[in-house]
Amino acid sequence: MSKFVLSLHSGVSDHLTLHNLSRFADAVLAEGHQIPCIFLYQDGVYHASQNLQLASDELNIAEIWQSLFNRGISLILCVTAAEKRGIDTANTGIFKVAGLAEFAMLTAQSDKWVQFK
Amino acid sequence: MSKFVLSLHSGVSDHLTLHNLSRFADAVLAEGHQIPCIFLYQDGVYHASQNLQLASDELNIAEIWQSLFNRGISLILCVTAAEKRGIDTANTGIFKVAGLAEFAMLTAQSDKWVQFK
Amino acid sequence: MKNIMVISSHSPFDNMHARDALDMALIFAAIDQNISWLFQGPAVLALKSEQAPHEMGIKNFLKSIKMLEIYDIDQVYVCQSALDLYQLTATELSIDVQIVNTEQQRQLITQQDHIVTL
Amino acid sequence: MKNIMVISSHSPFDNMHARDALDMALIFAAIDQNISWLFQGPAVLALKSEQAPHEMGIKNFLKSIKMLEIYDIDQVYVCQSALDLYQLTATELSIDVQIVNTEQQRQLITQQDHIVTL
Amino acid sequence: MNTLHIFSKPLSTLNSIAVTSLISETDGILLMGEACFDQASYQNLASKQYVLSHCLVARGITAHPSFSSISDVEWVNLIDNAKKSITW
Amino acid sequence: MNTLHIFSKPLSTLNSIAVTSLISETDGILLMGEACFDQASYQNLASKQYVLSHCLVARGITAHPSFSSISDVEWVNLIDNAKKSITW
């Protein structure tokens, strides 16, 4: 059993990267490993916006995050990156606003760090 | 006298590009030309977020837009791009939510189109 | 009426670049401008047939590219060296296009009033 | 304690890449990890002295780079060929760094437990 | 494997000389996303070369002879068995 | 001038072969933002070459001999006098 932290660096219009992250996370859990957190950094923080409006034939972004959350994965976002990008940090739904330090400590205790961008 | 439409394609964390756009717009007006609109497209729509929180030693993004608006420049954003990126389109301040058609018509009547990204 | 060219240079599923370019081409066609669309670099891959973007969660906007002619966009240009780099031939493309070398691309650019890169 | 390397490859004022890399290096140093920072490609330009980013409306984060040693970040590596490409010499840099060729960079990479590109 | 280098864009859109110079012969490379379209450019960079099967199928393409096509579970094992990965 | 080609990134970070092949000899190029750091790479692309003075000053650098340093007002005039511009 290994611990994998994942970080997402690209924005909410990059459907491809989220789809890859989601499939990777599924496979990590299926193999019996742990995911201490998924960290939103740089443009990744846009995923915490609660105002996404997508047509029904688009990638269901909200459903992907809800599914990862339901399996007990901690979804955290970098407060500094979020404030600089106009995210309403008082209203981030299932994403927890955190500092870079919290992510760094989880990463220092993890076996693998995989970036998605 | 020429008509210049400007479009902004990069997000709110790209301070350099906004600074260049702002200086260009100032010089266009100073030379007696017109700017029918500045159009936010792609990641440019993030500039319409009303939740930016920047320290006092950062680029004063809100002030730059207010100054352009005060000089009578129409600031419009693409509704489709905004919805896909989680912008609250009911709350865009001095930016007017518009369709791509409105921008295209202004552009077809303008002498120059300058992209910033 | 203005001569307006959209230049695409990002790969088809890289963010929403190709979709943004499609929307831009369609809207200028809709308001009766003389629109052309140049595919350069990895953007040419958007024209490759038999792709299934929904398998990667992406809306199948490639279907709309197949209908460009219906929307009065018939000036579609594709960079020859990009096709070579990605080992694509005209028969593998989803629509009829005009394949152009760099000299022809420079001439097309010269004729335009507005050019947008997306 | 883990060996963690930040690799910067964007030019200094391109979006917030260099600032994000700085924050990441500082935080891992603060929690006592063995952090190193490799500047590659146009990222080396962040080390050029005598710049005035406030003239382009950008916060002067280059001042913080000058204080890296105070924050216990003393493993700063700079790609030799990038310095050559941008015609920079060691004396034109704002801090003391270790200039490394590609073989040395590959060795550094081999030693790391985690690597982040920003 | 010491380092797995992960690419998700065509090589021509990266600062390719700088990046490829950092790959050691005993490292591996993994292509995913849009990089799968460009296997020909990536083909001689490392001794072990992988491409995500899922990403090939969605693009209607097949694995280049010098790449092994792997499942999502094999992707996880590949990263788990490498000392670390770098996402370029 | 028919076309002014505007660059704001170092040339190595663009798909440089593709882009430079589209510049005609009688076109002009303008470097702004981060492209100013890389005048050496851009130096032989067109007959008329400009760099924004403001962008040079902020980076503590000077204009390369083959580039004319221009003010923001000259920037506007340059674009006004070209048939059109392309922002790469």
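Think of it as A, B, C, D, E and F in the order they're written, each chain with its own count starting at 1.
Keep in mind that, in the parts below, a residue touches a chain if its C-beta (ideal position, glycine included) is under 8 Å from a C-beta of that chain, and two chains touch if they have at least 3 such contacts.
Keep in mind that what you see is a predicted model, and the values were worked out from it rather than measured.
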**Report entry** Where subunit B and subunit F overlap in contact partners, by chain label
**Finding:** C, D
Query - Longest centre-to-centre distance from subunit A, chain (CA-based) - result: F
**Report entry** Reference subunit B; chain at largest CA-centroid distance
**Finding:** E
Query raised in the report: At what distance in angstrom does the C-alpha mean of subunit E lie from that of subunit D?
Result: 26
**Report entry** Length of the line joining the C-alpha centres of subunit B and subunit E, rounded to whole Å
**Finding:** 39
Query raised in the report: What is the distance, in whole Å, between the centres of subunit B and subunit D, each centre taken as the mean of its C-alpha atoms?
Result: 33
Query raised in the report: subunit E: which residues touch two or more other chains?
Result: 12-13, 15, 18, 33-34, 54-55, 84-85, 87
**Report entry** Multi-partner residues of subunit B (each touching 2 or more other chains)
**Finding:** 11, 13, 16, 20, 42, 58, 84, 112-113, 115
Report summary line: Touching at least 2 other chains, the residues of subunit D are 13-14, 16, 41-42, 56, 114, 117
Query - Inter-chain touch pairs (all) - result: A-B, A-C, A-D, A-E, B-C, B-D, B-F, C-E, C-F, D-E, D-F, E-F
Report summary line: Listed in rising order, the residues of subunit A that touch subunit D in the complex are 7, 41-42, 80-81, 84, 100-101, 104-105, 107-108, 112-113, 115
Query raised in the report: Which positions of subunit F touch subunit E when the two form their complex?
Result: 12-13, 15, 17-18
Query raised in the report: Which residues of subunit B touch subunit F in their complex?
Result: 2, 4, 16-17, 20, 23-24, 26-28, 30-31, 33, 111-117
Report summary line: The residues of subunit A that touch subunit C in their complex are 10-11, 13-16, 18-20, 55, 57-60
**Report entry** Residues on subunit C engaged by subunit F in the complex (per definition of touch)
**Finding:** 7, 9, 40-42, 79, 81-82, 102, 105-106, 109-110, 112-115, 117
